[in-house]
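Pasting the structures here.
Both complexes below contain chain A, partnered by chain B and then by chain C.
Our next item is the complex of A and B:
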């Protein structure tokens, strides 16, 4: 009997065979590249976590959210509030507190949003995210308004205080250590998401995506499962926001604004939302594209737009989807 | 005791009386065929009983309980399953994954995000057994969209069967397949259904199939029940022959001219 090759890409063994060398390269990379490149890659990994979370909704549940900036921003602002109002420096407390807050808001927003599908779902998620953006923008005495809130790395500690960033070469130390911290959490998130999408729950989400009526006639509680998927998706994206804020050093309402939701959508589509690894690749590639476009021209948005449209037209199944197809053809020969 | 009972069930779409005061009883382990010309209300009746559409009035009793206002999932959990006239599957998943989903759902495991589905050997073994019963083992790892129409029809029934229902509705399980495949499909379905003692209600146009496999035949016309009885009684019912065939006489259903 031949191996089960699902439409989501190559087999588990093949993924593992590719993943282990990639992880080894990622672990070794900071030894060979400069601080700036390490930092760029850290951003890429953070966005990849957001993309993984987002794709649980888009790729596996068939729901296109235009409001994931809300959960990313919530994570970021939660950490920033802990710094500003409670003087917290522990990354682990940021994560716990941030996930709690993001989880609560995601549960409420999700409860409202999953009552609808298609464009109505998209518009609802967009509208809800803009509520948060408005709050961050207008309640400036709490949020700092457009000036934002600072989260300096100098006050940060990792692993319950084992690692801090004081003294000489603090910035280099932060960049290196934080990269490994993010890489570790990225690996954990990837494994977690892998288990989720290959679990009975993940299969049920795919069933809901492919044929809602039949899923219902198998006894699957559609709305409840969509809600659960929404919460998981928002929490992953919230975690990405929490990890992003010490790296960026500042959080402003821009991170809650709808164009950032669009960027999350774009990363995922660019990599291939029909594949598990697509959002990861898409996030890293998009991050580099954006950084280099910004550095090259004042019209970077236009340049980025043209490049992205060309990529989508040339690679409609995304980078990973196209590579998988080519690999499949090569194997058949 | 009757497994299913509908009492004065009605479903109107504007002026169209799709289901018009239907009172029907189905006993346990019965194999009932629902026949009638197009637009007679057969599929609407099944849609109402399975909660795909709501009734306008009347009652539905299942195992004596009033289920008239329950949801699809509640009826599935109570033991009502169905297949569809237009095949309704998860086309991008494999045949095996389609069946395992039904089993996971029946076992209440679809809410579990923390274990890998393919490591549940008990479910995998049961799914393989179901595929074997429906002669689909060779198609185990194929994507459903790549299956032939007859195989898709069988899988549609297999999904409903994997829920281990008490009552199974089969909406035209042989429509769109060749005459040669029709017999094979019905033999497979009948052997599984009879073997497991499942009560089945089948909507079918092919009267040869209906006479061969049914314990009882219910004839519908314009949303109401026109006649019901054993295959022999229906075969000799001139009014039924006239409605279904446009002719009557002692051998109306066997004449080939």
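Our next item is the complex of A and C:
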């Protein structure tokens, strides 16, 4: 891993030295904070998985999708359909089934979308995501319309039925166990994404992003690589959607509507899309920011909008980008 | 038969509103290469301002006063646009387009809540205007005269915009800037000022759309977000940056939509988005767009 050409270039040892304490803190945290805080952090980690997936396209492939709500919503709705129509309660079946459905749809949508780049790619992904939104919205006898579909945690089982949530204090037990479940999957996703972006495939994507013509002359099959990146990206976001449903207990067409895609972009830019950890930090911070804004004022959208304006004008590299630049200056002195 | 006529009139009415929104969106993209996600909210702002002005100042005023106040929304929105361009957009022209898209998304969030804050959560309507004009018979049914006025305004706006862009000196400068900004600047065009004017003009069109729709449909929260997506479909079908594209696109969308509501209400919107997606696939620059 002593590869100076990698983006940030820290050694494996340094990365482990940073990552292990963070994981330990995350594992220990539920012992010290109350149920509500644990739940908030679970939401943050779920969004972080979505952000990681989204950033494979924006940060590493250079494609801005404005339709990632579609894949998040697909994951969420597939799990909800399994509850409603097949009475399935196992989280693992949600994940397998949901990933299968999201994978198929991202393959189809991606095949269509990667024929374009730049703004046309953005609009095409947006239009396709809105097709799903109208379907969820209008076919109310299947999807519950604006009322949505309920996914009660009481029927949920984790780890193939080993853990269920019945009897007294079920809610607390659910919050605790589900937090660890999400944390585990979040770690797996982070490692997986790290491997992907540092693999030859990931390097090829970055080459495409930086210079399409040159990458083509190197023999990289640009459209196919973009298509693969799209599928991976959509599947990560779909997984986030699947994990989000039992936590939220309800899925409504709002998560398919395009402003939610905007929120995913927001998170990623907040953390910094030119860095690997940016979307993770951005998602967790965004979640707290939004909860805080919603709790403190009726005009939370305005607050978020002002933050976004400040971010774009003053801190375009996001939280992580700005911090690492500050540290870099510090170290040089 | 009379139903058919009314449906056709409704389609044209709706096409006019869509054209007003989409032409502004298209104009801004054509000149500045910015896809303005806040455009729908500017349309909603126009509707709110007009409804509020008419509701506040014109209770019991003669009808001609109401009509004089109708463009208030468009003027206010143009002024807002003239403020937004130099403060928020100008610093971003040299940055990747992601940032431009994000800043207009931020603007959308701010504008939506600004309207909630200023005008409250209840719908505002200006139905005094539509009531004052009464209805006219179309065979056995009656149709509001005001809708015909909106159609006239839409047609007039299309003609004026076309004449403005293709027949005036300002239009020449605008097109020159849109084709090659550096060259225009080298030839002595004040590009910054052209951008302010183009953005304000685009906003004016959106505001006008809102202003003329509000006597027929009350201004509600969320109308902007909905309108933006339809305007997107229009410009994607017609071609981003093309005026005649916006016109044809608006007609296609509103006729498909009217037919959809009549015959296949469940998938009416999905069909529109699918048409947009197919057009993007077959002709990425739209029916009238240029690359």
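The rule we apply is simple: the second predicted complex is superposed on the first by the 321 of 333 C-alpha atoms of A that agree within 3 Å, B and C clash if a C-alpha of one lies under 4 Å from a C-alpha of the other, contacts with A are read in each partner's own complex, and residues count from 1 in each chain.
Please note the rule applied: a residue touches a chain if its C-beta (ideal position, glycine included) is under 8 Å from a C-beta of that chain, and two chains touch if they have at least 3 such contacts.
Keep in mind the model is a prediction, meaning the values are calculated, not measured.
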- Query: Does chain B (first) or chain C (second) touch A:207, or do both, or does neither?
  - Reply: first
- Message: Looking at A:118, would you say it contacts chain B, chain C, both, or neither? Reply first, second, both or neither.
- Response: second
- Can A:232 be said to touch chain B (first), chain C (second), both, or neither? first
- Answer with first, second, both or neither: which of chain B and chain C does A:85 touch in the superposed model? neither
- Message: Applying the document's definition of touch, where does A:221 land relative to chain B and chain C: first, second, both, or neither?
- Response: first
- Query: Which chain, chain B or chain C, is in touch with more residues of chain A?
  - Reply: C
- First (chain B), second (chain C), both or neither touched by A:171: neither
- Jot down the residues of chain A that show up as touching in both complexes, chain B in one and chain C in the other. none
- Interfacial residue positions of chain B with respect to chain A in the complex: 50, 52, 72-73, 76-77, 81-82, 84, 88-94, 96-97, 100-102, 104-106, 109-118, 120, 140-141, 143, 159-160, 163
- Message: Which residues of chain A touch chain C once you look at their complex with the stated criterion?
- Response: 58, 64, 66, 112, 115-116, 118-120, 122-124, 126-128, 130-131, 134-135, 137-139, 258-259, 262, 265-266, 269, 273, 298-302, 304-306, 308-309, 312-313, 316
- Message: List the residues on chain A that touch chain B in their complex, please.
- Response: 1-7, 195-196, 198-204, 206-207, 210-211, 213-221, 225, 228, 232
- So, in the complex, the side of chain C touching chain A is made of residues 35, 37, 88, 91-92, 95, 97-99, 101-103, 105-110, 112-114, 116-117, 225, 229, 232-233, 236, 240, 265-270, 273-274, 276-277, 280-281, 284
